């Protein structure tokens, strides 16, 4: 994609030819616009994805579907029979929006750990991009936009499938898509920063087992955090997943404690994205340029 | 500097290879313990991984046991007794973590060593043979699995989720589950050529984890698909562990055990055959 | 005779990697396989290392058959593969320790030997470090140290200095000389003629899975090349244009055309250059040098070694 961008704007001249040759000849060349730079970066990642998308189908499609069937329908029948659902909702309606947010977390983690490490360390693609007129901010923005694309497609597919299984009570469920994207970004951006700070991939083991997995289990996904011991609850408040789950569940079911609470959730997620961005830009720059 | 002593040749491995030849099964695997020793040595640098590997099933136990338990209270098992949800789910988590650990060790880790680290190539330049490697890797997976299972059982017992002395047998049962899955996993790994293929492993493992009467009893499933659940290996692992930990002991447990033994033998035979062809070309 | 091969063949499907070679390696010598990439050197080494079964022919190492006594032969071999294949999860000394156990050495034997080898490989002060951050030369020295842990009678070195910088190569050559002096038989593959000339008592030149020549480096040069070579570079895109002008010049026996120069094989380089000058042939540069194995290879195969 980046090469096609260059070609389309290049006026063909012989090597060593005249001065006013656009970007194809020798001499001063017209700088790339912001849009061109971002398009070039996104284009690269999407080209790679065209080769590898098949493998991602399982994680993005099958896996949340399995959770929907097991937890929503299987465990749900048990919960509904014994407790009459959760807070007036059937267990399926309770759990499906939370699975949307949780799936976003998994997709975001998948895109921002080993993948990003690979571009730093193994195929050194970030360094290759920096050898062109692209800047660190372009690379980071372009790569994150690609993550947004992955989050949006994964969430949309799952919302559609879950709707088929009666996972939603109404059209409010459509809000789950942007909420899923935002929740995913609240993980992806800080983890991009974390990855830039790591020399080896050893830390991911701990990140997945001690952070991501427990978050799925203790962020109100499968049961309200009110069931947790009181001392655990403030920890849930500090995690992006709980905010995402609450927001998605509120939007899909229409059961919202207060509009203020909803805005607090949005603000919390945006804060993770914003602080993550500042850190990521700084750490990417330190790693790639310094 | 030049003081490299090349005096009498150091004692050769003949004693060990005679020992390995004397062992009927698995033939030629007498040096497997050094593969285990190598893994243990590497693991000393990664003790954090050891601790976190143990933590995951415990997280599940407390999350679902407490959280879902507060909603569901008690569950009627397929054996017919009414037990608290945490007691119901604990044996299933033991079985599935035994499966997960064994599959991780025998697929991802073996694949990495096989294709990337080229670890086995350097092992094969020594008197070690492919069977030493296969047996050693599976042995290591079992050893580590046993450690996790013992720790998990201890936590479950302390939390009052174990109700029968039969639970002592839950540890060897977990090792058996590990053996069956490690053997099959290693066999599968010999067919893999790229990381993309691991998506198929996930595709097999995740539904088993969710649908083997793990989180809700078999009676919850629609009657038409119960046979499918009962056909999967993890179902038998879960049923075996649940029978032992709840003290619901009967002939059915022998059936579950036999299923896992057969699976393990098939996997081990397949893996040994393939690995020879793969490594010695 | 440590190694003897008769009609040794290795095929992968339709591809013939090693095409019926005869080789004999004597105790105490440094024996080389010289050839370009893909000549079949590594396949031969893997067969000698008993990690790859021969497709055809007969192979004996220490008088034993690899197909029957693979582990027993490997117990007496040291093998240093082309890629280092070190265990990156372990430290430098742990790599040696665990490797010793694979040979059935006791813990005490292994530790003692590892200490000596760390010194030999000049890695003593890095012994507790992980392998990954070591330089290429250090990793290669560690691989060689590891292959010596069992005190082997025969050491196989597959492209031992490929990818190393000149200084690291010289350190490595020095270590290999010491081993040779101590009586270890070395089998080396290389596509560097300077390495072959430096290290090997005797070598075979391989091309397309076959042996095309055999002898000591000096032998081969005397037999297949002239004493000296005059290298001529002209200011033109195609050096073929100048062949006619050079042909038949004094003392020269042969002219080879390369993309960027002409090689004139001669017994007296100075006489040849003087005659060229007299004929009015004025190249950009003229270099008179001694013949090397590179010239032998060029003569035997019509190709350069490193391309």
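Lettered A, B and C in written order, each chain numbered from 1.
As a working rule, a contact is a pair of C-beta atoms (placed from the backbone, for glycine too) under 8 Å apart; a residue touches a chain by one contact, two chains touch by 3 or more.
On a predicted model such as this, the values are computed, not experimentally measured, just so you know.
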Chain centroid nearest the full-protein CA centroid: B
Two chains sharing the most C-beta contacts: B-C
Label of the chain whose CA centroid is most distant from the centroid of chain C: A
Mean-CA-position distance for chain B and chain A (Å): 32
Separation of mean Cα positions, chain C and chain A [Å, integer]: 51
Inter-chain centre distance, chain B versus chain C - centres from mean C-alpha coordinates, in Å: 45
Two or more partner chains touched - positions in chain C: none
Per-residue multi-chain contacts in chain B, two or more chains: 46
Residues on chain C engaged by chain B in the complex (per definition of touch): 12, 49, 51-53, 70-72, 74-77, 79, 81, 83, 85-91, 94, 97-99, 101-106, 109, 113, 116-117, 119-120, 122, 130, 146-148, 150-151, 153, 178-179, 182-184
Chain B residues within the chain C interface of the complex: 1-6, 9-17, 31, 34, 37-38, 41-42, 45-46, 117-119, 121-129, 279-281
Chain B-facing residues of chain A, complex: 52, 54-55, 58-59, 62-63, 66-67, 69-71, 74-75, 77-79, 82-83, 86, 202, 205-206, 209-210, 213-214, 217-218, 222-223, 227-229
Contact set on chain B toward chain A in their complex: 46, 48-49, 52-53, 55-56, 59-60, 63-64, 66-68, 70-75, 196, 199-200, 202-203, 206-207, 210-211, 215-216, 220-221
